[in-house]
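Shared chain: chain A. Partners: chain B in the first complex, chain C in the second.
Moving on, here comes the complex of A and B:
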């Protein structure tokens, strides 16, 4: 009976999805104000830490306005140059630059939150679909409003591929329209699904390795093999954290470009 | 999936948008212009240097 109970307890603790649970850290129930439940949750806490970290790193990297760079400023200046080249290549070398502060913030926000998620016992904020969908829907709707503002009803020409035969036009417009709507989902889903999958994989592998290594001396040695896989996958996850932030930003720039230039 | 508990959706979205808005404001008003000034002064100094070498 005791064994069953402890096994069930263990299984609860070892659920790979438990790491994504949102918990209240501080909460206030306000029966006076429409029963609002105002709370600081773990995701809010880690997002705030990320924002603070972002600002501190950026302030450190300005290097007191000295012309000669230090290590912080070299790293941030190269990040600046990378995002700047993405914005100028994807959107427009001249007019695209007004979107640079937004794209830069978005990149560092996603990157820092992805990296914070890689710290053991912390929380991966970007694995939450609501967060990434909120970003992706806002970006795509914003780009659509931008397109309508600039081109009016001509914006719908975005749905007509160049040089398509007239007979195929209704079908192609329908397909293009569906693919335009799918951008909302795909942009957010890609980021959250990648982060969720990576964290779950690491969690499952860690549980497996722990079980093997705690079973005896021979198994401890045997467990070094899956342990090496965990180290390798952690490196892969670090790379994915950077790549996903970059992919998100590149696609955001390309959607803004579509709204501005219509293909 | 714990990510799909609707109770915390408003909390997550509020935090996300508040933090991104604050960050965009601070970066675009205070931090990114410092980078641009730094790059401009480097360009200016290197051009001065080129001119002095050509003379």
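Moving on, here comes the complex of A and C:
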């Protein structure tokens, strides 16, 4: 038995995609349990950090049943109210309430992991398709099961557009079916692609800027111009981190609504 | 921040021999030249104030701790850079940009958030205080209302006494009324008896008088009686005359 501690960052490889590489931080190879590979990867580590951060934030914002909240608590309350309004508007003011804890958890999970990805030298967990597809497939399949549970075989009427001519019905049902299946991909793809694209853009631009700025003092001064653009893009990425979390839960609510109320 | 980047660039230049070392002395000369060129056009602030503001911006509570923090930070940076614990590369640029955004967000967004959170808290506090004041006022009003009825026991007791006295007086009055009624009834009965008796008496007197008159009339119809009366009358006149004469 041996334990292998490897460094998280590999500074020699400066490819824009190297930042998304999943590496083992702590790797334990043992000849027991069918040579089970036990390791803590960087994505697992940052997801754990996210969970710990959420725990700390929620502990800080615990209000202890006080009517007047502290500043931490009021931020969580406003976040709660925002997600609650999304759920009630998208699903149903009455029947949608039971999905609120799931939607809120999903939002806060994605938001925190997006924001952790915005911390320098950290790792963007939500840029990984394995994570986002796991989420999106689970959600869409769950919404489909919900639809079958509630409507039985009538759930297939979801694939029939209202007022559709009979001749076009097979074609439209096929298109709707493909569209429904595509939700699995599109939901996860949207989030991961946005985060990946943003981080790659920052990485590529910073590579150019670094090359310019390290070429001499005049170039260093000239490099301040693209640097300001990168700062602006960083701000944009911060906004995208929030917006993508919101878009994800809005679409999740929409899919759940499709399962509950057939159009 | 530019100085930090310049230092990083200098560190990078030291690490990488491809960058010409002649750039290094040019940094100070160019900075000096730029300062000299800008001094003429830009209105300058008091150097003492500017220096004090720079010193105040450094972490630490007094000059000694500021110097210590600054020198240890510089020493650590040099140590980390020279031993390649920290390598300046494009990640440094990203870190600078992201930290700038986070710093800006915390510096400018933090006070705004704090203000908003405090306004929300104050709104809730005001609502609670207003509700508390309303409740206090309602309780006070209720106390005032109830206070008016604080002597209700004594008043009820006295009213009960009065009602008892009234009942007793009413009973007495009824008794007296009954007595008066009985007395009036008795008086009426007695009066009727008196009237009846007087009527009987009058009738008997009348009958007696009528009987006497009838008898006298009958006697007067009898000559003997008339003679006797006459003789009696003469005898009475003579006696009266005789008595008046003797006197």
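One rule holds in what follows: the second predicted complex is superposed on the first by the 250 of 263 C-alpha atoms of A that agree within 3 Å, B and C clash if a C-alpha of one lies under 4 Å from a C-alpha of the other, contacts with A are read in each partner's own complex, and residues count from 1 in each chain.
Methods note: contacts are C-beta pairs under 8 Å (C-beta built on N, C-alpha and C of every residue); 3 or more make two chains touch, one makes a residue touch a chain.
In this text the structure is predicted, and so the values were computed from the model without any measurement.
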Original post:
Touching A:131, do we find chain B (first), chain C (second), both, or neither?
Top reply: first
Applying the document's definition of touch, where does A:203 land relative to chain B and chain C: first, second, both, or neither? second
**Report entry** First (chain B), second (chain C), both or neither touched by A:227
**Finding:** second
- Could you look at A:102 and tell me whether it touches chain B, chain C, both or neither (first, second, both, neither)? first
- request: Pick one for A:25: touches chain B only (first), chain C only (second), both, or neither.
  value: neither
With the two complexes superposed on chain A, say which partner A:67 touches: chain B (first), chain C (second), both, or neither. both
Who does A:145 touch here: chain B (first), chain C (second), both, or neither? neither
*Counting only touches as set out at the top, which of chain B and chain C does A:118 meet: first, second, both, neither?*
second
Footprint intersection on chain A (chain B / chain C) at 67
Counting only contacts in the complex, chain C reaches chain A at residues 2, 5-6, 9, 12-13, 16, 19-20, 23, 26-27, 30, 87, 89-102, 104-105, 113-114, 117-118, 120-121, 124-125, 128
Interface with chain A, chain B side, in the complex: residues 1-5, 8-9, 11-13, 15-17, 19-20, 22-24, 26-28, 31-32, 34-35, 37-38, 41-42, 45
So, in the complex, the side of chain A touching chain C is made of residues 11, 14, 67-69, 71, 74-75, 118-121, 202-203, 206-207, 209-211, 213-217, 220, 224, 227, 230-231, 233-235, 238
Contacts from chain A onto chain B in the complex sit at residues 17-18, 20-22, 39, 41, 43-44, 47-48, 50-51, 54-55, 58-59, 62, 65, 67, 76-77, 80, 100-102, 104-106, 108-109, 127-131, 134-135, 138, 192, 196
